[in-house]
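Next up: the structures, one after another.
In what follows, chain A forms one complex with chain B and a second complex with chain C.
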Partner chain A sequence: MSLDIKTTQRFYAAFGILVFIGSIQLVGTFQLAGPAWPPLSTVVEYICQRRVVQTLLLATGKTSKVILYAYAVGVTLAIVISSLVHLFPIYRPGADRFVTFVNAVPAVAIAPILIILVGGQLSGLILAAIYVFFVVYMASLSGLGRLNTAHVDLFQVYGASKYQRFFAYDVLYAAPMILNGMKQAVPAAVVGAVLAEWFSGQGGLGLMMLSAMRNFQIPLLWSAMLFVACFALAFYGVVGSLEAYARKRIML
Partner chain B sequence: MTARFAKHWLLTNLPIALVFIAWVLVAQILPVNAIIFPSPGSVLEDVIGHPDVYLHEGGVTFRASVYGLLLGVLMGTGMALLSWCSFALKSMLLPVSLLLATIPVVAIIPIITRIFGPGMSSVLCVVTVVTFLPTFVAVSSGLHAVEHSHESLFKVFGARKWQQLRYLAIPAAVPHFMMALGISAPSSVIGAMTAEYLIGSEGLGYQLRSAMANFATDRVVGGALLSTVMSIFFLSLAQIACKKILARWG
Partner chain C sequence: MIAAKSVEGSTRYQASETAVKLNGISMSYRGKGGASSTVLAGIDLEISPGEFVALIGPSGCGKSTLLKLIAALEIPTQGRVTICAEEPRELARKHRLGVAFQDHALLPWLSIKENVGLPFKLARRPVDNERVEKLLALVGLAHYANAKPSQVSGGMKQRASIARSLMLNPSLLLLDEPFGALDAVTRKQLNIELQSIWTEQKITTVLVTHGVDEAIFLADRIIVLEANPGRIREVINVPFERPRSSSLMRTAEFHKLTDYLTELLEPATNVT
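The block that comes next holds the complex of A and B.
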């Protein structure tokens, strides 16, 4: 009996994940990377302690709040501004240049200036929002730029105004692309929030990682990273399923 | 013609110019302390007055970014080529690379620094990891972005695996490779700066941290500006190379 190609692929995929996790465990068990790389099982055991879990969850709550706020702000601004630029293309070159410029500024360089200007709490939010904004802005504009010409012509023939067409067609047609950008923006939001915590010293998972790194608390360092990764993965999954739903509805 | 060009130039660069004008005005008008909000003049003075500091720290960051970028891109491309050759390896690496793409890479910087110890080797490793992932993902998707009919044609004429790679898959992957370079180039500077900030003993990131600790705000802004210029330089270089190569291959 021969397996079809999809099943074989799934089998290999599961195997790949297993090998990935297994090799992390093995490197730790045999201390191949030194004492800073513990076996995964040790980290999981460490997390399972009641006090540790409580501390980690508290920190996750704090960081995730910043991430979610920044995500909401970044996505909203990106969609509004890219829509405006789409409707008034004369501002496109300036907006593009400005957005690329701001995105190219290393976070390490903006963070101190932001902290000086607006304080630690708000600077984390702004930093993460800038990263989110860039990814969604780019995706949204490229989605709005790939409209179906036949559909656009139809709206023109029936005498729809630019704005009528925008709300009835452009936004919907670009929705899967925008949601794809929103999915890519999830890791960006997480990175922004964690970085800002490093620079500002405001609590949360980022600060926890940093102090664990400086104090050689290796299991804590790994657990904090696992929590960051799991949060990012779950968030990514939620937005990803939204994207899949939109793709199905709009049938691209 | 010149008028149209001037108008286009103005529309393109006006927003950035406005930011700098606002900076000058705020520093002039508002009665804020220079330690909190340095004026452009004092920043310029610091940069011109200490060229040796900026050149040295900037050079360290520049080298770390370039070497890390080269390593990361080479490893990413090599890994993608390897995974193209074997169906099993490709299927195994796909979910892992998806998993790694969702994880914020920056979050593993503290772990890398604990493994490699403080210093340049950690910074280099961070930049390599940051640039490796996008290259691997983009190049392997490029290698598979081959039209089905072309692939069948190669098969019908009995092309060997390496011939298929050389004449079909690699040309298809070139645009993807260039795109990955565009993403990786500026992020190599960002990775180097972040790593230096956390663990470095030299480089622009370290300079930012120590200047902040000493309330030398003009130096903080100067370092920030220099790193921005560097990052934009990398980005433009990648974009120019992308245009040149796509004109030939695209």
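The block that comes next holds the complex of A and C.
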């Protein structure tokens, strides 16, 4: 019996996930990485306690709020600024240099200053938004810069203004690339938010991980990590589905 | 006026008005090392209203560049292009140009009907559905109005592209090898359709093509270009009456003209 390509791919994907989970379990069971690596079953058992799951959900709620706000701010700013740069290319060299400079400054350097300047909660949002902004800005500019020449010529010959072309064509044609950048920015938003919670000491999964690490609460540390990973994967999946939809709809 | 030559001998092209005027057109591109390469040099050409002109020539002779200059997609290094006494850019702004490229340039997310009606939206006018349907029927796409470009054949895409180019009753129709990527049978069929559309609408048309038979079948006048740099080598008045049918392509006169033009296009051939 032969399987079609999609089923085969799904089978390999499921197999890969099983191998990954199994390996984590085995390393923990046989203490191959020491006491800091518990078996996955122990972590799941720990999470299943009502008190623990409530605490974890509360922390996830706080962190996810920062992630989503930061993501929205970063994506909006990136799309608006890259669109302006695309419409007025004279500003591109300056904008590119500024964006690269901001991205090149390490979070370790910015975070303490931000915390003093704007407080813990907002500094987390800003830090995560900066990460998101850079990834989406680059993807958006790249998408807007790869338009089809024949389409561009068509709009010009038919007397379309650059704004008409931008809204009727440029944004739509670049949408799959922009959404791809938004997908890649999801882990950046999560890293930014968790890092900011480490620095700021504000509640959330980041602080919980830091506290669990200092107190050697290994199951709690792993549980927090698992919740962060699950949230990031779910978010990545949603944006990835949007990208797949846009690609199917636009690149027919 | 420029001198024009038919196969039988020299004739002179007479025109009371000028739809397109190219005056001393030269086009050069500057390369990376600063060296400039001349694509077109000293092109003078006048096209009358309602005339169908074909541009043919070897690869690299600047046919498509010439069309881009007329379409305001490029600016000549020297000389001036006017269409109905206006700058091409002005005509484009007034939505009076129609174009069909070898790449059909249909937007993949729009249906055939929406693509064909796109010029209305770009001209900020309400889409005239009646005209869209009429033109779709004219090019034989009435049953494919709601299909996406990916769901129709290459020939159908080109038909849609031609329908789109006629949508706003353009003053000038520019066709850049619109059937270049199609098979011989579809191409012949579309040539016949294009001729009947043109006969009905009588729009001044400039066609760039590699096909000598296509140029003879469709055009009133054929401009033969030579390469390095691109110049007008000869202007031929096509002596066949309209409407032309596909049986014309089997006549001795048609073959005689085809052979003559083919010879003109062959490199290092001296035609006297």
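Note that in this section the second predicted complex is superposed on the first by the 238 of 252 C-alpha atoms of A that agree within 3 Å, B and C clash if a C-alpha of one lies under 4 Å from a C-alpha of the other, contacts with A are read in each partner's own complex, and residues count from 1 in each chain.
The rule we apply is simple: a residue touches a chain if its C-beta (ideal position, glycine included) is under 8 Å from a C-beta of that chain, and two chains touch if they have at least 3 such contacts.
On a predicted model such as this, the values are computed, not experimentally measured, just so you know.
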Clash or fit, chain B versus chain C on superposed chain A: fit
Touched partner set for A:98, first chain B, second chain C, both or neither: first
Chain B versus chain C as contact partner of A:150, first or second or both or neither: second
Partner with the higher number of touched chain A residues, chain C or chain B: B
First, second, both or neither for A:37, with chain B first and chain C second: first
Vertex chain A angle, Cα centres of chain C and chain B, expressed to the nearest 10 degrees: 90
Partner chain(s) touched by A:250 [first = chain B, second = chain C, both, neither]: second
Touching partner for A:172 - first (chain B), second (chain C), both, neither: second
Contacts of A:158 with chain B and chain C, given as first, second, both or neither: second
Nearest Cα pair across chain B and chain C, whole Å: 14
Chain B and chain C footprints on chain A, overlapping residues: none
Residues of chain A touching chain B in the complex: 8-9, 12-17, 19-20, 33-34, 36-37, 90-91, 93-95, 97-98, 100-101, 103-110, 112-113, 116-117, 186-188, 190-191, 194-195, 198-199, 209-210, 212-213, 216, 218, 221-222, 225, 228-229, 232-233, 236
Chain C - residues contacting chain A, complex: 68, 71-73, 92-95, 97, 99, 101, 103, 105, 107-109, 118-119, 121-123, 148-150, 174
Chain B residues touching chain A - in the complex, by the definition given at the top: 8, 11-16, 36-37, 87-88, 91-96, 99, 101-108, 110-111, 113-115, 186, 189-190, 193-194, 196-198, 205, 208, 212, 217, 220-221, 223-225, 227-228, 231-232, 235
Residue ranges of chain A touching chain C (in the complex, touch as defined): 148, 150-151, 153-160, 164, 168-169, 172, 249-252
